[in-house]
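Both complexes below contain chain A, partnered by chain B and then by chain C.
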Partner chain A sequence: MAFPNVRLASRPLHFIYLCDCSGSMEAQGKIQSLNQAIRQSLPSMAAVARDNPEARVLVRALRFADRAAWHIATPTPVEELHWVDLQAGGVTALGEALELLAAELRSPPMEQRALPPVLVLISDGQPTDDFEAGLATLLAEPWARKAVRLAIAMGHDADGEVLQRFIGPGSGRDLPAGEVPGGSGEMPRHPLGRSPRRPLQASNATTLARYIQWASTAVVGAASTSASQIGGDFEGGDDEGGYNVPLPDLPPTELDPIDDPDPLKW
Partner chain B sequence: MLNRWSTPLAQSSTGAAHRRRGQPCQDASLVATVTGHGSERLTLLAVADGHGAAAYPHSAVGSALACQAAVQAVAETLAATGVPGAGGLGTGGLEGEPERRQRWLEHDLPAAIRRHWLAGVRHHWEGQPGQAALPFEPRPYGTTLGLVLLAPDWWGHTGLGDWDLVRIEGGRAQLLSEEARDSTVGEATGSLSQGEGTGPAGFRAAWWPLDPSTAPFALVLATDGIRKSCASDGDFLALATWLATEMAPSALATSLERISAEGCGDDGSVAIAHWGRPAEDPPGAQPVETPVEPPASPASAVAIPQASQAVNAGWVARQPVGGLERRRALLLALLGGLVVAGAGALPALQRAFHPASMAGGDQELVAEEARRLCGTMGLANAELRNRRSQFEGLQAGRLQRNTLLSQAQQDPLGALIAASFPTPGMPPLQGFPIQGIRTCPELEGSLRSLWANPMPQPAQTPAPSPVAPRP
Partner chain C sequence: MLAPGSTLRFDGLPEPLTILRRLGGGSQGQVYAVRVGGDGGEELALKWFHPGFLHRDPGLAERLQESIRRGSPSGDFLWPLALVRPPQAAEAQAAKAQGWGYLMPLRPAGYRSAVDHAAGRLSISLQNVLRGAFHLASGFHALHSLGFCYKDVSLGNVFLDPASGRILIGDNDNVDVSGRAGGAVIGTWGFMAPEVALGLARPDGASDLFSLAALLFQLLTRHDPFKGALELAIPCLDLPGRRRLYAEDPVFVFDPLDGRNRPDPIEHGSALLTWPIYPRPLQEHFERSFGPGLRDPSRRTLTGQWRQTLAASLDQRRLCPSCGEENFADPAATSLCWACASVLKPPPRLVAPAGVISVAAGNELHRHHLDPLAAESLDHPLARVEAHPRRPGLLGLRNLSSHPWTLVLSGGDTVTVAPGETGNLATVTQLCGAAGRVLIQA
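Coming up: the complex of A and B.
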């Protein structure tokens, strides 16, 4: 008998940007740099999606300023995505953004068979609303706890502690800043002081673009690979906000010798 | 009692993503018949899925050893005390027999499987260059294991991890056993490598009695790569139905490849068994008559299958199941008791919902959703079943009806489900709160059935007529 008329389908991989659009993002061209970085990353992201046909990469974006709202509300296949520029102005309603995000990570509408989503928070400031409540709501959702949560700090006014709490406390396998690599007898997975389990510091447009590119390609590639593992084996542990997707190495930045200096510092 | 089980089959297939990356198949599957003293005989169907993450580099070995450990454990029991009801020691009528069998499936057999598996993986570990000096660690061999046991007068299952077991009977497919939802978000699953000692933590087991009057049915045991390749659980049940009732056995390998290529890309394993062949089946169909002597007890005697990890490493009795392709097509898999509407037929919309306060636009969205469902009841039932969390959430109070109703634009099906949530003190559907929305008898019946019994955990209340666990 012929193969039945059943719907076979790749597994959805939801990639969601959470973009700070507060007034401070207007300064020093930060919002333009963010728009540019995301737009430029899309072709590479689409290429990664093509290379991993078992995953269906679906992109959304949330913006938050005075209020939070979906900038791209519909999960959109990356190859069909046309980035519309974000505009800056207002304060930083990050807590509300996390609440909105939490609603979308419930199941349903999240598919039970989905791959762990990738959440990328980009901010240059401090939340002005109830961040704690928003984070609690978000982390109450199993899909949020299992998600790959990344954060990029634009400039040095970003609240690193808030971003770290969004990511989670980290695995403990990364060396704390200042510790000598190899001092514990264990090889660090990532170079000293730079870990995707910490907020990624983007001090200029070049570094921001590299981090965005890394998140939208290397991380998407890793998250596209279905690899089962034992419950509780997640790096950092589920309760600690650990990952169930092994994160790739970070790209080189201005801290590295090969990085080009960028005159514009945030 | 006459064995009415037909020859089962099993197959594993390397996933499309694994092929592209040059990775091995980490699944394994096996069919074996173990004979003990006298007429005791049990047939096993096993599927195992080695964990794919980098922390489990030997999971392909672990999954193969898991299948073999199951055979060893059953053989050990048969040799020692016999399996209650396996043909030689009573047939379920002896006092205490059901309790013994349940305990065996829940505790004793899992413990024996894990003991044999640990011995096997340790043996492999110690044979690896440079690892003999390192402390033994079973985690790199991590794997799931799903096991179905077939006896003349009962059948049962045990195992742990994210495998699925489907029973197809009379045109209906029912998911009998699946891993608990909370633990399966993302890529997490249970594992034979978990836990201290040889305890059976995480195993889920149940068994069912059989007698000559038991209606014909089929069983499909599958690793998670099959279900995750399907767009919905309804599609998975329909696929399982096709695999068991229409597919030519020779097409199983290519079917698994297609499922992976068009689905999630993961390895896939399926084992299929049939009880009581229909009369129209050709005479080629034979009951299981492939006794295989139990393997030597020491784990060192376990042979690790070749790299393909496909099937039948060791003691497998895999034979084509004659006549399957000639079986009549079974209808689309549905929940127990749900009726399949004729394809393309739009049942009359004839039942009005009761009044409620809902915005007109939202009300129309829900009405449109009801019309859509009534027009495609086959798929509709699958879609409804996918909303298990909403049915359960509303009943448990985790979800509020008004919240779902207010989100009709984002989730009209959720709003419809909320609208059908029984008002306390009223029968299902009598309290429908949305005025002017009409539904059809088929949809009404589906919703009523789901509210009356919203997808119970199959392993805890298996049907039909399972034997209850010990008090």
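Coming up: the complex of A and C.
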């Protein structure tokens, strides 16, 4: 005698890394730091997936250098994923990567019902192909517009404007960088002036790892929306504004240099 | 944020804490297992908040102090015990910058998250699920009786011991005096009352009742009460999608009047399989809370009503003679087993002054069955029906009370059953105990 063998209904949550594998990523061990950060984030990502039974977290990765190609092509349940190292060399075909991504976010093969996909773009430089065309193709797809789009800039040569275009328009509700929390008289949506709807600046391996960890756990939790909602977070939430998933606060990172033991800066 | 293995001194604690291991964490903070004092000291849990979260919730310390002062509503809460501030941070500002936390009991071994149950990773009997539901309603009853409300109910905050049906309610740092404004967290999608989700009201006791109903439904069915055909019509279940489903136009999947949101046979099979298991009075509580109770908080089922109906549902439990599955249909009429469709004829019953219990192995007699003024409780059964260990089909009644019983047999003879002993039920017509008299009817 037992409770019947049934379980909560679930939807797919597609989590896709878009990884810059241009030649410059070989310098200062950046590509290895990226491989390490992603590999190390998988166990806690699997734990978040376990805690959110309404989501089936499926991971893929795209690489782009001279050309763009799927590094992990099949949506893989996070608990089964074994990360294969990315190799660097070539230029930066980000536009082509976005075209490939767009094709996968079309229905089919995209399911008819899903949770918002999470797309994480990681780059250290300028695109060398037609980024605008690729972005237009991508954002023509409804699933791409509904996705949480994040961008991590590795080092200081990444093109901030390109990354911001990928993320989507910033909104007046974001605090301008540097504004004192509460100075506007309002409770800030994201304290300390740092917003995930701007490119995340990773200048060393530790920061990169923290942002990858955050994207693969806190953001996955938010997209599964089993996370507790903070009051005031969901005025808005319109389709095109990109606020269809309230994002959690960014992790504490090296605003205080004393915290950072890592001497290797990009 | 706190390093496992380290021993730290904190303001507010006479003894140092050793951080043993990280238990988990989320957007609000991290939870660690800690030991107070040296070896052999008590092991507790420490929740440590991120400074970023503390900015959003300025009333948190005061709320926790109030909870600590009042004490836990019942034994079923992992309740805050003491605030813990970093040393040399006597000033609130400094503490905010570094983060601070509070101590609470550790979850005992054997308790699993209700998430594991909903995800189908837990083996549990229907009896223990109903017991768990009863204990949950009782916990909320105790919390509300103190004038508190929970505010952030969800599956992740409830722990369940599948072996006994006992529950523990965790994450009590959003608990506040009912109706008081303040606090950052307002709830979790799927458990938030529509008026709270729409921003029309702050969480309070009445919105808790909605959340309790949603939690009980998920516990009993492993399904979301608002996911039916309307959910299938939403391609991307993001924030606007959830607003539509749970707040703007919520329709209970089994609403008797509005059939727009019926469960899909393939996608929502768990609801269709489990709902018929439960008796009508229990179903009606959900229909009311998720029907008129959607917009009118005063129509939501009260904690006392849940307790009463859940306890009565347990009294109706019997085992199918064909497949052995637990059934809870009204015993007065003939019904079909939900699992194998075999006919279930009305069973023998224990008729007590304030309750009727079906005779089935595992069913229990409680004080509230004998004393109409006693509140329902499952904690100290007076008797339990048990199957004979070697002779299948033979049922007995074990005396769990502290007084001997006299059993009257059909021929008129009497038998004494001492505490701990079991009397054969086959020929008994009456049980006379210290607490009252129970008739046994075939």
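One rule holds for everything that comes next: the second predicted complex is superposed on the first by the 231 of 266 C-alpha atoms of A that agree within 3 Å, B and C clash if a C-alpha of one lies under 4 Å from a C-alpha of the other, contacts with A are read in each partner's own complex, and residues count from 1 in each chain.
We adopt the following convention: a residue touches a chain if its C-beta (ideal position, glycine included) is under 8 Å from a C-beta of that chain, and two chains touch if they have at least 3 such contacts.
Predicted model only: the values in this text are computed from it and were never measured.
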item	value
Contacts of A:Asp249 with chain B and chain C, given as first, second, both or neither	second
First (chain B), second (chain C), both or neither touched by A:Lys146	both
Chain C versus chain B, contacts on chain A by residue	C
Partner chain in contact with A:Pro4 - chain B first, chain C second, else both or neither	both
Touched partner set for A:Pro109, first chain B, second chain C, both or neither	first
Touched partner set for A:Gly221, first chain B, second chain C, both or neither	second
Chain B/chain C common contact set on chain A	1, 3-4, 6-9, 11, 52-54, 112-113, 115-116, 142-143, 146, 225-231, 234, 238, 244, 246
Partner chain C, residues of chain A touching it in the complex	1-9, 11, 50-54, 112-116, 142-143, 146, 181, 187-188, 191-192, 218, 221, 223, 225-231, 234-235, 237-239, 243-246, 248-250, 252
Residue numbers on chain C that touch chain A, as the complex places them	26-28, 50-53, 55-56, 113, 115, 117-120, 123-127, 129, 152, 154-156, 174, 183-190, 192, 199, 218, 222-224, 227, 232, 234-240, 242-243, 267-270, 273-274, 277, 319, 324-326, 339
Contacting residues of chain B [partner chain A, same complex]	16-17, 49, 51-56, 139, 142, 144, 162, 181-191, 193-194, 224, 227-232, 235-236, 238-239, 241-242, 246-248, 255, 258-259, 262-266, 325, 329, 386-387, 389-390, 410-411, 414
Footprint of chain B on chain A - complex, ascending	1, 3-4, 6-11, 52-54, 107-109, 112-113, 115-116, 142-143, 146, 225-234, 238, 244, 246
